[in-house]
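Shared between the two complexes below is chain A, which has chain B as its partner in the first and chain C in the second.
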Partner chain A sequence: MMGPLRRRTRLLAWLPLTPGGLFLLALFVVPLFSLLVLSLRPTDAYFDPQQGFTAAQYTEVLSGRYYRDALAYTVEMALIVTVLCAVVGYPVAWLLVHARSAVLRLVIVLVVVSPLLTSVVVRSFGWRALLAANGPVNRLLVGTRLVAGPVNLLTGPVTVVVVVTHVLLPFAIVTLSTALSRIDDAYLRASSSLGARPAATFLNVVLPLSVPGLVSGAAIVFSLAMGIYVTPLLVGGANQPLAGLRVYDQALRVFNQPSAAAMSFTLFAVSLVAIAVLTRFGHHWERRIHD
Partner chain B sequence: MTSGHVAVHGLKAGYGETTILDIDQLEVRPGEFLSVLGPSGCGKTTLLNVIAGFVEPTAGSVLIDGRDLTHTPPYRRNLGLVFQSYALFPHMTVTQNLSYGMKVRGASKAGQATRVAEVLDLVGLSEYAERMPRQLSGGQQQRVALARALAYSPTVLLLDEPLSNLDAKLRRQMQSELRQIQRRVGTTMIFVTHDQDEALTMADRVALLNRGRIEQIGTPQDIYRSPRTPFVADFLGAGNLVRATVVDSHTVVSNGTSLPVTTDCPGGTEVTVVLRREQLRLASDAVAGQGPRGEVTFRAFSGGTWHVQVRLLPDDTAATRVPGQVISVELPDTGRSGAPAEEGEVVRLTWGADSVVVIQE
Partner chain C sequence: MTRSRMRPLGSGPGVLVAAWVVLAFLAMPLVAVTGSSFTASDLVQFPPRGFSLRWYQVVLTSRDWVVSINLSLVVAALVIPTVLVLGTLSAYGLSRGRHRGWLMALFMSPMIVPEVMVGLGLLTYLQQLRLVNSITGLWLAHSLVTLPFVIRTVAVSVHSLDAMLERAGASMGARPLRVFGTVILPQLRPGIVAGGIFAGVLSLGEVAVSMFVSGPNTTTVPLRVMSAVQFELDPSAAAVSTLLMALSVLVMVLLSRWVNLSAAF
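Presenting the complex of A and B:
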């Protein structure tokens, strides 16, 4: 008697998950699958997908300079942004957790989340105004005679890195501050009472214990940086060798959709591998401490 | 050991207007075991944190072996600290935890290993050197925390309620173990606790804190037998505090009830009489003698003892007064034959007049 009843209640327990499940299925799994099929279709002279399957698009992505260089450039940019977010975000996250003054904490939170609360268009045009040929940065550079005339600050690798770091920094700070707030203050006092200077306490206690936060923050920032295109597009235009921009270009301007799909999947795969490596490392570290 | 002398002068600590610690004078002798006892919020942990250097006092000074450490950062004080939560570094093995203090001081690898082996042996955990803290029981973690704080031979060891996360049995075992270790290494120990039994059992001297001030300091016998204030008597579990007025050197009167005591306070003085539960006995009302009459209002058997509550009756039974104070009495069980008076019975409460403490208000 108990068997069927229990099975039925167990099925019922899944019921609340149905809307979310259907939503994910309809809007993520199905399009992803059709994108995968599309990326494997052969094309005619007008890039229209035909019947059958081919790996031609993937060969193109991995060997042709157009995509391969963009992929390499993007991975490099994402790595630099991830490291920058960690380095810049760590002290801010620390201050957010340990600041005595509630007012200071509030100010930090507001500054940190402000990029998330402003629209991407407003934020990007803010950057454009700042970095334009007659913008304040160029005027400062010219005024201090560091450069002879206004320089192009809007495109180029440094700008992309700076802008993307600004956009993704909140994600790093939020994950890091969560991890840092979980470190019991008693560990810090124990280390100090045992004779460790603040720097030694940081290296020996705080840093190792914040590895889980660093790992999850890095995973989020890296995968978001890999796919970012709206902010670089609005700040520096479409002609930058970013993978996201290349996909956008192929899909919506050249209309070579199978090729864009193959590029998307390659990006997706690189992000997945990076996240897998990071989380494995994180799990291994946490098991050492907690299991 | 000659080092490990702690002196605190005119110490004040607090936030803004509120003073949470105000200690005129406190000295801990080298090699002494001092318990700092008090209810939660009395400032005992703040006192420890001021000595350790984690709380900056607003006034006063902390001297260790004559050196003024008031403004020295914690990592240069050379003190040991044991936490209630143990605070063992979870990502280090027992050995790494124990050598941490020596490592950050730049001690040689060989020296570290020798000393780690020594302190592990001291706390009886030699087989656990390569374990991670999470693989140890609470009692073992406690021992490692103690060993870690002792490993680099600090002059003074500060312990912040280190046993309160252990169960009662383990706690008693750790109490005696800690005391034995202290005798062996001779380090001065300042032990913060809210548990009066623990404080009395372990300490050479007990400092009782109340609202940031030292209410009384003395040996356990001293502080228990001669409490200076009603707070001390109450906190050490006296049980019954009776407010009364002195009549003569042998009698005080409380709410119309005469109580036999011995006091040198002049007549008319307001006093508090401390009647310890276990000092009181019940006698039959029919027997004429010293001691006030009372009515038994509650009686309960709890193993080796009986708990009895007696409401004091006025000397002049005709007088109408507010109901008398209820006195708790703890009587040893005398076996099958005897049981104390039942509820509703009128009895006479007796005690040795010399043994009762009278505190002048």
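Presenting the complex of A and C:
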């Protein structure tokens, strides 16, 4: 008796997923699959794809220094940004969870979330104004006699790291604060009533318990940092060897779409591997805590 | 003594100072944009020299800016209903049924795949359909990019659904579609409102994917700001940016009444 009814409910459970699923199939799965096919096509002198299959794009991308160096550099930049976001985001996430006044919490949420809702071009505009030759940062440096005259802050790897950290920091803070809010206060009280100093409580109780949050935040920040291109294009790094920028250049300036496709799949593969390693580490740690 | 007073590991002065420095760092560029939009000088200057609204006047009387503003608003107006229908149904569907893990991963994947790759994929695909440099192309691209955020926002409301109400509706003989319309949708309203506003704000600021699918006839507001940043800092771009930001902050304050903002990221 239950058979047909159960089948019907199961069918009904799939029904609401159909429109979104079809949309993703048409605009995400199919385009990425045809991008994969494009990356495997041989090309003529004008980079137009031809019939047949070849791995030439991939061997070219991986054997030449142009892109391989960019990948290595991007991984390095993404790692530095990830560590910076975790370290710098931690106190804010802590304050967000433990602030006693509701007004303070609202202010923190507004400051953390407003960059997320502000276009990256607007934030880049702000950085250009801050770091310009006559901007406040240079004036401060000259005023305190740290440098003799205005320095060029608008290009260079340090600037890229700073602005990319700025873009991704809110993601780290939001993920971390979710993890910190799940830590039971009872552990903290137990630790201090057993005589541990705040620093010891932090190192032995809070930090280990926040590792899952740190790891999922790091995975988000790292994967976004790997593919970032608009912000470094505008501030600091139009000529920096970043993988996202290389894909952009190859696609929209050189018009070599098959090669750009191969580059983007390589980039995606590298960041997937890194994320897999990170999450594996997170699970490992979680199991150790619960044992 | 209240529970919070007993907290053994409070926010010591070190934590407070560090947190405020970081918050200042986060706010700095946004303050700089707002400040430089009020400059009286011909070039972008922060802190601004003098105070004037001339750049706002320039924006509202310039043909280029007005065309871009209209385009951005049209695209957002198309994107919002599209992703709301798709996102609400998806968020609801993802909360039931089986295989939730990998389905969730599929529906969230536009967020995980690098933006350049999404952009390039859409470019090569929309080229074949002759939709590059069209409003339709931007509409589809923005819908794809904002959909995961809408699903996550609505999902928060889905998790607080009262299953008893649904069962009550069904036991009184209402068909599933009627239950969805009269019992479930009203309960999801906060998430849907928040998701819609969210999608609009994200669409108004989207550049990473738009760069690939737009063209000379489809320069949205942020794309025009982008060329201002790339080539010459123009105070009118700061004025437009400030207007955009004011809109986001307003929206966010409204949103914080409805939903937990941090849940969506």
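In this text, the second predicted complex is superposed on the first by the 280 of 291 C-alpha atoms of A that agree within 3 Å, B and C clash if a C-alpha of one lies under 4 Å from a C-alpha of the other, contacts with A are read in each partner's own complex, and residues count from 1 in each chain.
Rule of thumb we're sticking to: a contact is a pair of C-beta atoms (placed from the backbone, for glycine too) under 8 Å apart; a residue touches a chain by one contact, two chains touch by 3 or more.
Because the structure is predicted, anything quoted here is derived from the model rather than measured.
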item	value
Chain B versus chain C as contact partner of A:288, first or second or both or neither	first
First (chain B), second (chain C), both or neither touched by A:12	second
Which of chain B and chain C A:158 touches, first, second, both or neither	neither
Which of chain B and chain C A:189 touches, first, second, both or neither	both
Touched partner set for A:140, first chain B, second chain C, both or neither	neither
Partner chain(s) touched by A:123 [first = chain B, second = chain C, both, neither]	second
If touched residues of chain A are counted for chain B and for chain C, the larger one	C
Chain B versus chain C as contact partner of A:91, first or second or both or neither	second
Touching partner for A:207 - first (chain B), second (chain C), both, neither	neither
Chain A positions touched by chain B in one structure and by chain C in the second	189, 191-193, 198
Of chain A, residues touching chain C in the complex	10, 12-21, 23-24, 27-28, 30-32, 34-35, 38, 88-89, 91-92, 94-95, 98-100, 106, 108-130, 132, 134-136, 166, 169-171, 174-175, 177-178, 185, 188-189, 191-193, 198, 201-202, 206, 223, 226-230, 233-234, 244, 247-248, 251-252, 257, 260-261, 264-265, 267-268, 271
Touching residues on chain B, where the partner in the complex is chain A	52-54, 73-81, 83, 85, 87-91, 100-101, 104-105, 132, 134, 148-149, 152
Chain C - residues contacting chain A, complex	3-4, 6-12, 15-16, 18-19, 22-23, 25-33, 35-36, 44-47, 85-87, 89-90, 92-94, 96-98, 103, 106-107, 109-110, 112-118, 120-125, 140-141, 143-144, 147, 151, 176, 180, 201-202, 204-208, 211-212, 222-223, 225-226, 228-230, 233, 237-238, 241, 244-245, 248-249, 251-253, 256, 261-262, 265
Chain A to chain B touching residues, read off their complex	184, 186-187, 189-198, 200, 204-205, 208-209, 288-291
